[in-house]
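In what follows, subunit A forms one complex with subunit B and a second complex with subunit C.
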Partner chain A sequence: MAGRELDGQVFDVVLLGTGVEQAIVASEAAAAGRSVLHVDRSGWYGGGYACFTPSRLVEWAGGARDRRLVPRVELAENTAGAAAESALAGVRQGEREYALDLAPRAALCRGSLVELLIDTGVGDHVQFRGVEHNYLVRPGGPPQRIPASKEDVFASAALSLVEKRKLMRLLATVGDDAQYAAAVAAAGDAEFSQFLRDRFRLDGDLLDAVRYAVARVGPGEPVAARAGCERVRAYVRSMGRYGRMAYLCALYGSGSEIAQAFCRACAVAGGTYVLAADVGPVTRAPDDDDGSGDGDGDGARFRVPLAGGAVRARHVVMDASYAPPDAVRVASTLSRAICILDRPALGDDATATASYVAEQGAVSLLYTTRATMSAPAGRAVLYAWTPGALDERRGLLASALSATHGPAAAPLLTIYMEVNVLAAAPVEHVPGLHIVDTPDATLGLEPAVAAARRILGPGLGIEAYM
Partner chain B sequence: MAAAAPEIAGSFKILFVGDSNVGKSSILLRFTDDVFLPPDETSATIGVDFKVKMHEVGGKRYKLLLWDTAGQERFRTLTSSYYRGVHGVVLVYDVSSRESFEHLDTWVEEVGTYCLDPDVVKMVVGNKIDKESERQVTRREGAEYARRLQALFLECSAKTRTGVQQAIEELASKIVDTPALWRKPASGAKGTVSIDESVASGFGGGCAC
Partner chain C sequence: MAAGEPTAEEREQARRRVEQYRALSARVDALRRRGEASHAALDATRELLEQNTELHTVWGYRRRAFAGLAEWQDPERRQQLLEAELEFMQRMIRRNVKSYWMWGHRVWVLEALPRPRWAHELALAAKLLAVDARNYHGWNYRRFVVARLRAAAPDGGRAVDESEFAFTTEQITRDCANHAAWHNRSRLLPAILAARDPPARAAALAAEDALVLNAIYTDPDDQNAWLYCEWLLDIQPDDQARCRLLRARVAAIRELLDLDEACRRPLAELAAALVELDRLDPGAVAAAERAECMRVLERLAADPLQAGRFRDQRAALGRQWGVAAQTQEKVAV
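For the complex of A and B:
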């Protein structure tokens, strides 16, 4: 249907994949008056950020899943030893009330995504809940709450007086422009953790809390003092904007909802949407060898086969899962777990982030409930992810999950996935072709906004982003 | 000093579904702005996200938020968020297009997939009755279809105004009469953060204590 109707049309921008980055580009390009066609090969929005109910997730794992992006999916037996099939039966009740994210995300209250949502008005169409709590989790648990305000720091029974003083000094430094600039200048090119040790005398839990749970440094990720301090500052500055929390999580699916809101804004501005489309491979327009515009003057540089027909495009923006194999590399591999809990272990109406830190490695976690409309009342969803292949990381993920939910709750269903972060291969740059990395291990959505802006300004030449 | 506006008794999200070119945007614009765009100018509906119109029922004021499909019905790519928190659905077909009437089934199915609230008020509307000579769907067929759906039914013409006001008014009145639908707290409303520019004093807002 779509192929026949659109056949032969020329668009300023054709986007493949409806992830957050492309959705932002689509909406901003349409708002700037460009003609936009936005296509997804799946019958749903979100690309690598897609969101499913449990049965749809299992269906996707066995069927439509892109094996290059998600090479492995395993359904683990629950603690009672039941096979996957009966585990799925355990979550059948209220099945439609679950929203399970392939790549769970949150947004800093004072980060670039929230600013973009405000500036564009798209924020009117997304509802958020605060990520009220942030935990540091050690092997065996229980999760320790990270203070969410100065008052929390003072009131904390877990912190000694000396620790409180160290933490307050750090907070005062990042909260004050002059002190902050002086501290960062003094740091030179020191490594972040070393800087925290030397300058603020942080160690043990305090150091790990700041490093992993606040700055969200990945395990083994080398971070310079300046970059680490920027992350702490972004976190601290975000607190107090919409409440005490630093992060917000979208209702009904953290990334796909935001992608859909931008897609709708694009459609309102005249963009055309096609889902479940047989698309590609994209080729250079045959009559435009030099990339400077073709004989008929429409400037189309690419031919995009679509559902039996083909459209022509001046720019093509695609996530790397749409690119031909020789144009893509696996930038990194992640292991992810999605765990449905029989009880809301960390609160029935709560959303939380957690960082599990053990000798074997560190794991990021996100806990969601009915608060974000992503689980039925009385249940919870716990996500865990860490860099590395599943065979090496399955045990670490399992320890992180059980230490975080504790003995009070049991998993009804746990799904493990190995996910590749696909990125453009370092081949010759093709003018007008923009390849977006697939979702990585970050929690925040701010890098997605930065990626979209790089395409909008230098790529598409849209002035607001130059 | 201006008198305070009467209190708003309720706010209803109403949306339009149905095939392309059955006149969903035309009905919306006729109702809210009393305009009709000739067929060659319908691309002018680009830019309509939703329109707001105040409406009185029984001496009380209600705010109607009427959402347009933004063209996403063309290839069946409406976002699930379009259907979220909806109180009333207008299922539109063109009386001069048998196909658009027959496609209502798939729209009903889609509405059923996304609107989990059984109380959502549905209305079947046959548009373009000004094209009487080209009619392919009888009034009786439309009414019968609506009856099976337990939906309201009306025929109208966005072009001539006939029936448009009445259609939306009936739908709004039915929603008012179904307090279970709109009096219950909106899903997830408690503690929900609305993104806006209001900036509370930040934790790191310069207080160096």
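For the complex of A and C:
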């Protein structure tokens, strides 16, 4: 019994939850020679980034689901009665070939995660496919491809000549260091969309495409011109590294597979892993007592109850779902949808991102197929998500899904979820205790790397690859 | 021993290789002087050419050796010999794609073959261009193969021309700065136009203009599109069509400059277009546009590297149009 074996042991770092952030910290800590214990109360890796087959997802929804993290899950079949049965049968057939992400993710080709995967060698254990297309979707559709390179712009049938010129000006400015610096300096405090209108004369579809689909700014999220331009630059710089794509998407689980790869690296470097373990509330001995009661001053102030026993740690890293209620707040709420399509509407062996922009709001989408081993051949999984509570956003999600897959495909099964982004409450910081937010609405994994770095550097004093 | 310096063993191996090469070269040279046309000669030349594709005298000798064989006269044997030669050349292409002598030899082989497979050769050229869209050898060889296909075609080559034209469209779409593709297109267009009846001809020309405008709006400073523009002007059926084209061009350039004052080439082209318009249709360019043209030339003359050219042009135009060439305001230096 893991708890008995570990009982009383002292670790430099104990990590709770096997999300991407903790996995990166664990892997780097172990590589730096720290003793690491990494625990997850679930029987699988990934935490908030976990990946399920449809039946496992349904099982999780009814059972082990953390209701603070995911308050609501609804299943919607496209029809009722006997037709619903056959629809579900369509999903059950080959259902083990589905990999449904709770938090779909991608990585910029020249972003911090890809660089980390290369530098640490962890990338050897993950396979990726490129996200080949990026779409802008309006109510009613159809999805329009967004060009992001000169070749794409030239070949695009959707842009007018004037729009092509405007977009090329933006791409050229962003791609050239001197011009970019000058543009950003001239922007001052301007807001991003206003800046795009003033300096590049973008409007209409082109403006929305750059704001939502390239810079991936959320609806109503106020973004300064500088920050927005940085995002456009990161996107454009990522194009061409591995082909005509700005993002990569991991196979077998866009977030969980990456978390697992880092966990594997941690284990190889000596870290200990315990899954399906009951974790109790973490307590901290006061500063003038190391908590062991034997006065040996080993600095391991934290006590982590674990599966019948307890371990001690100098540092504890957890995602907010492991923190007690008074230490946690709901930073934001998202509505998510996972839609299994009966036909691969946007390509049989393709991966794509899309942005649905309507008056009521904007929705991010990710389209996956067998290309990322997310679905069996002939099927597809379309993810959609938007900020807000499910009751308010369900209709918007449904519109976004149907406009994106269009009449060419029909949903076999749609799962709606309301997800809270949990974060540490603004209480006094406890030295040695590091709480990361649970997964939010961003598409990229770069913020997860940044969160890991904040813990590794300032928190644990580890500089490797950071 | 420093890293990268050859070991004694490596030096010995290199020395032996040089010795073998020199011996082989001497043997081939001796065969060549004797004018021997035999299988032994073919074997020796092949061995030497495998090591060095640039020995054009040896390629020449190899051709004479082939032609001097007794079995050369028998078409079946010739077919077999040359098919084997093509296979040999296929291996060599991978080693050195840009050897003039090798491609020249291949052309000789295809011309000497009793039954050449042109479709296969076309596929080879396409593969070369897929790897490197600007490979001169690829385009040149493609033109050679296409010319043969055209000559052999029962419809006088119309289908070949159309498919080649479509090929250039594909290449330009892939990279609108591909000069070789635009050039090839310009060589095919007259035949394409001639094969269509007048209404379809006008539509085809309009499509060309749309294509070139697309390239100009995507990259206004790239010279390929502008060169094609100029050529399109020539190929118009009459001056009236030319004037219409120039007017459309002027409007497009004005729109471009409105969006992006920084591009230079469109400025120069605007002046050129107005001047040409005036030449074709005197009086078509009114006073306001003439003044605009003079201002444009003034702006272009601000570049010290091109000041002389544009100032001269401006002065000459000034005399021709009776417009003052000197500006009243101070010129920014």
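Everything that follows uses one rule, which is that the second predicted complex is superposed on the first by the 442 of 466 C-alpha atoms of A that agree within 3 Å, B and C clash if a C-alpha of one lies under 4 Å from a C-alpha of the other, contacts with A are read in each partner's own complex, and residues count from 1 in each chain.
Convention: a contact is a pair of C-beta atoms (placed from the backbone, for glycine too) under 8 Å apart; a residue touches a chain by one contact, two chains touch by 3 or more.
Here the structure is a predicted model, which means the values were calculated and not measured.
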item: First (subunit B), second (subunit C), both or neither touched by A:R264; value: first
item: Touching partner for A:R343 - first (subunit B), second (subunit C), both, neither; value: neither
item: First (subunit B), second (subunit C), both or neither touched by A:R96; value: first
item: Touching partner for A:L161 - first (subunit B), second (subunit C), both, neither; value: second
item: Partner chain in contact with A:K150 - subunit B first, subunit C second, else both or neither; value: both
item: Touching partner for A:G243 - first (subunit B), second (subunit C), both, neither; value: first
item: Residue contacts on subunit A - larger count, subunit B or subunit C; value: B
item: Partner chain in contact with A:Q127 - subunit B first, subunit C second, else both or neither; value: first
item: First (subunit B), second (subunit C), both or neither touched by A:R169; value: second
item: Where subunit A meets both subunit C and subunit B, residue numbers; value: 150, 168
item: Touch list for subunit A against partner subunit B, complex; value: 1-2, 45, 96, 110, 114, 117-118, 123-130, 149-150, 168, 171-172, 174-177, 179, 233, 236-244, 248, 251-252, 257, 260-261, 263-265, 267-270, 272-275, 349, 370-373
item: In the complex with subunit C, residue positions of subunit A that touch it; value: 150-151, 153-155, 161-162, 164-166, 168-169, 201
item: In the complex, subunit C residues that touch subunit A; value: 173-176, 213-215, 217-220, 252, 255-256, 259-260
item: Subunit B - residues contacting subunit A, complex; value: 43, 46-49, 68, 70-72, 74-77, 79-82, 84, 116, 187-188, 190-197, 199-209
